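You will see two complexes here that share subunit A, one where it goes with subunit B and one where it goes with subunit C.
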Partner chain A sequence: MDNMKLPKEKVGDFLAKLGKEKFRVPQQMEGSSKFAPLNGESNADFTLSNTTVPPKSIFYPQTETLYRYNVGETAMEAPGEVDEMIIMGIRPCDARALSTVDKLFTWDPVDPYYKSRRDKATMVGLACQEPRTNCFCTSVGGGPASTEGLDILMTDLGDSYLFQVLTEKGEKICQEAGDILVKSDDSDVQAAEKLHNDAAQKIVRGIDSQDIPEKLPQLWESEIWKKVSDPCLGCGACTFLCPTCHCFDIQDEVEGLEGRRCRVWDSCMFKEYTLHTSGHNPRPSRRERTRNRINHKYSYFVDKFGVIACVGCGRCINLCPVNIDILNILSQVKEAL
Partner chain B sequence: MADLEKLITVAKETVSRDDVKYLIGWRQGTYGFRVSPHFITEPEEADKLIFSPLCSNNLATYLTLVEKLPVPRGQEADTRKIALMVKGCDSRAVVQQLVEQGIKRESVIILGCPCQGVVDLAKVEEKFPAGLEQVAARWDDGKIVFQFSDGEKAVPREEVLADKCLRCRYPNPVLADTLLWEEVEAGSSSDEYADVSELEAKTPEERWSFWEAQFSSCVRCYSCRNVCPMCYCEDCILDRLNPTWVNRSNNISENTAFHLSRAFHLAGRCIECGECERVCPVNIPIMTLNRKLTKEVREKFAYEPGTDPASKPLQASYRPNDQENFIL
Partner chain C sequence: MKENPYQPYIATIEDTWFETVGDRAVKTFKVTLDDEEARKNWSHRPGQCAMVGRLGIGESMFCISCSPTEGDFLRFSVMRAGKNTQGLHEQEVGDKITVRGPYGNSFPLEDWKGKHILTIGGGIGQAPLRPIVEYVKANLDQYAGLTMIYGARTSGDLCFKNEFEEMAKRDDIAAHLTIDIEEEGWDYNVGFVPSMLMDVGPSPDNTIAITCGPPIMIKFVLENLKKLNFADEQIFTTLENRMKCGFGKCGRCNVGNMYVCKDGPVFSYAILKNIPEASA
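So, the complex of A and B:
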């Protein structure tokens, strides 16, 4: 399909035509930003860089009810069908994060909760033009205009968004939008490519990540883990707000006789993570927990699924209260051998 | 005035002592205005120590946060001292930990750093968007001077200091083994709890809608709990599963239970270092909640935690003339 353009003054029409209730868009809330359903006219903010809370929360919410039950009965009530969704304005790093996490959730057995949402979602990405200081997507296989995991890539051309249509799902959106979208020509694509290249040039941080997966297993007992985890507070800011962190815990929550089994985000930085019933914890201190966080992303996930489970969004660096900086840890890993 | 030379000399001497396990101070972070806690075991590592308006972290939290792992059979527990650099507010945390017998006096060496106030990073980064370049800062009269590679930029302190510092009444450590430089003038800062009064003036419905929006955005990362030097229960009710006091589900009911439990556990104990609010990734005004309780405690019981090592905890002290008229 040909590339299309959405004039900025027609964004409202576009949302209305496709059905506002379908959209999940980046929004500035009280003190943070996240993807949320549209309400009212249009509270979408496509100028935000990546949101504080990553869009993983749409597909893999912090709290997911697996089923409901009544204590003493055997019947279970499973959650209902998922509606179609359009995720508009997702940044390329976050879209890559979802295709990374797909590998885990569609492994054996396939996770039906996650998969049904992914199947029902059309991903309309927005190329980055102003990477932040701690963005390093280009070091881990991505880029400000990466199309991985996207159905359409949007680029802000000033008075309009260029829609580069990548999949059938993307085509369907454009067909439904009809004449709200206008044809684009080669000059638009050239302009977009220039913006993409300029954005990549603006990325100031990075690391050569190639040899990290093979180095990490050799550093199991290295003193660097103690050093880098000394200041760690053991909070979940880095993991909860990481777009690829996907560890969960399953809990039965009962009020009176009404119960529900739910899945909640868990963090390897918490001290109750992997705590055994016996009281033994194989990761007894922040040293082992920090080592796990880095190894999971840059070694275990690579062994299992062939990709680094870090997309370089920079959130863990931006949000760490004590300046634990994953690029700094990785450069210590590289220097240690 | 912060004397870096003196600081490094004292740190080297301290960390060289046989009875000292390590020293905790601050060092320049990896980018921009960031600073990181610096754990030192060797004298040469002291050269990286700094003390500047960027040193926000309250390091007292590490006195209780560091894991006490089981000692392997045949080995003796390491009872060496921890040396700690403290600002005025940080020292109140140490004092309160001592008052509550959370730590032992002989296990800690307190290096006092009289302080002229630390910055609020959000205020600074609004003026100077954070780049990769590491920027240092210093105090200069009523100004904070940021040292960029292409020159210095001075900003009036009122524009960039953290709110807690603008109303600070304890710029000097209330307890220290060594005072690293001369005390600073306490100034005329007063604290009228304007932020608390503003919320108190609202109707209960308005207040609830304010907190409902705030608590709804909480992701329960527990950075506020973990950074708090007074949150050091070994068995926190938030981690308990049997019984489960607070469900793991993220919803307004559980989030509210979490925030109110946290705030109430700090009644008469919060020393107002503001770390909880500083570290919150979604910027919940946690200190407003804490300060409501601080105000109550100060007005009803004339008690201010972390100011007197010889005092008793609020809940463990009773005076016959304590007010009772608010008890239902």
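So, the complex of A and C:
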């Protein structure tokens, strides 16, 4: 399908035509930002870089009911089917993160909760033009205009958004939008390409990640793990707000006779995460927990699924209260051998 | 596996009894799945695990402590240790629990046909070894032999004691029971499991050794198996870790790049010795 353009003054029409209720868009909320449905008052903010809370929360909510039951009875009721969604304005790194997490959630057996939402979603990405200081997507196989995991890539051309249509799902959106979208020409694509290249040039931080997966197993007993984890408070922000972190706890919640079994985000940086009932803990201190976090992203996930489970979004650096910096840890890994 | 792997089956407790008593009592539950279709489709192999719990309380991973050769039911031997196990201990015959699984790999008992099977267990660590014993007992003509070494601190801490006493009377299998400290009226051995292993002195020829028990016991059993010239490939164990999903999603049970729930729980020492985290 040909590339199309969405004139900025028609964004409202575009949302209305496709059905406002389908959209999940970046929004400023209570001092942070996240993807949320549009309601009467809210507005999409396509000028945000990465949202504070990654869009994984759409597919894998922080708290999610697996099934409901009445205490003392045996019937269980799982939540119903989800509706179609259009995720508009997702940044390329976050789309790649979902492609990465797909590998885990569709590893036999398929996770039906995650998968059904993924199947129902059309991903309309927005190329980055102003990377943040701690962005390093280009070091881990991505880029400010990466198309992995997207159905459409949007680029802000000033007066309009260029829509580069990547999949059938993307085509369907454009067809539904009808004449709200206008035809684009080669000069638009050339302009977009220039913006993409300029953005890549603006990424100042990075690391050659190629040899990290093979180096990590050799550094199991290295002193770096104590050193890099010493300042850690164990708050878990680096994992909760990481777009590829997917670990969860399962809890029963009961109010009166109504109960639900739900899953909630969990963090490998918490002591309780691996604590056995006996009191034994295979990862007793932050040294072991930090070592696991880095190994999981840059070694174990690579062994299992062939890709690094880090997309260089920079959130764990930006949001760490004590300035622990994954690029700094990785460069110590590289220097230690 | 059900379409929604998070949703458990309902099972009814057919029989239950205490193996041991005290603050860390072990209670065994014999259960059957309520749903006929589920019962028909369920198949597990020795070494596999299941999530067992109650709606409103929670669920935890337990090894299935029976062999499929025993019949159309499941057995779990549960040590009281926390909220969920306390909740399970309160359940009696006729009560309903939840079960989902089976999870994980299993002991490769088909591949071991023609070999001598040696199990070395300590305390509740005998629970995952029991299905091997039952499976081999049921197919004894297909194996070169069966030797069991099992110990606990006191006679009161031994699980499946009656079954062992029955097996000790047989001359086609060898069952060695031991307790750590001398007791009045105790007719079997006294001493730690690793030393019992040296006293029995099994030959590594055509033998597979499977051990499970407290970490300190496993450490010395491994050392002694090496002294007896067992190769790494002849030694197996089964691991446990905290688990929530049971099928490789929730993240926490990994040892190095392996998930205990999915890549394990059964590992050969040849594999485990290369995973530094497994020693934790």
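Here is the rule we use: the second predicted complex is superposed on the first by the 335 of 337 C-alpha atoms of A that agree within 3 Å, B and C clash if a C-alpha of one lies under 4 Å from a C-alpha of the other, contacts with A are read in each partner's own complex, and residues count from 1 in each chain.
As a convention for this text, a contact is a pair of C-beta atoms (placed from the backbone, for glycine too) under 8 Å apart; a residue touches a chain by one contact, two chains touch by 3 or more.
Just so you know, these numbers come straight off a predicted model, no measurement behind them.
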Are subunit B and subunit C a fit on subunit A, or do they clash, once the structures share the same frame? fit
Who does A:133 touch here: subunit B (first), subunit C (second), both, or neither? first
When the two structures are overlaid on chain A, which partner does A:286 contact: first (subunit B), second (subunit C), both, or neither? first
Which superposed partner A:105 touches (first subunit B, second subunit C, both, neither): second
Figure out whether A:63 sits in contact with subunit B (first) or subunit C (second), or with both, or with neither. first
If we overlay the two complexes on their shared chain A, which of subunit B and subunit C does A:328 touch? Say first, second, both or neither. first
Classify the contacts of A:268 with the two partner chains as first (subunit B alone), second (subunit C alone), both, or neither. second
Contacts of A:303 with subunit B and subunit C, given as first, second, both or neither: second
Applying the document's definition of touch, where does A:163 land relative to subunit B and subunit C: first, second, both, or neither? neither
Is A:247 touching the first partner subunit B, the second partner subunit C, both, or neither of them? second
Can you report the vertex angle at subunit A, computed from the C-alpha centres of the three chains with subunit B and subunit C as the arms, to the nearest 10 degrees? 90
Nearest approach of subunit B to subunit C by C-alpha atoms in the superposition, in Å, rounded to an integer. 6
For subunit A, which residues belong to both interfaces, subunit B and subunit C? 249, 251
Residues of subunit C touching subunit A in their complex? 1, 3-8, 10, 34, 55-60, 81-82, 85, 96, 215, 240-242, 244-245, 247-252, 254-257, 276-277, 280
Any idea which subunit B residues touch subunit A in the complex? 29-32, 34-39, 57, 61, 65, 67, 69, 130-132, 213-214, 217, 219-223, 225-227, 239, 241, 244, 247-251, 275, 278-285
Where on subunit A does subunit B make contact in their complex? 29-32, 34, 52-53, 62-63, 133-134, 204-205, 227, 230-231, 233-237, 240-241, 249, 251, 253, 262, 264-265, 267, 270-272, 284-286, 317, 319, 321-325, 327-328
For the subunit A and subunit C complex, residues of the former touching the latter: 66-67, 69, 71, 73-74, 76, 78, 104-105, 107-109, 111-113, 220-221, 246-252, 254, 259, 261, 263, 266, 268, 273-278, 280, 282-283, 288, 292, 295-296, 299-300, 303-304
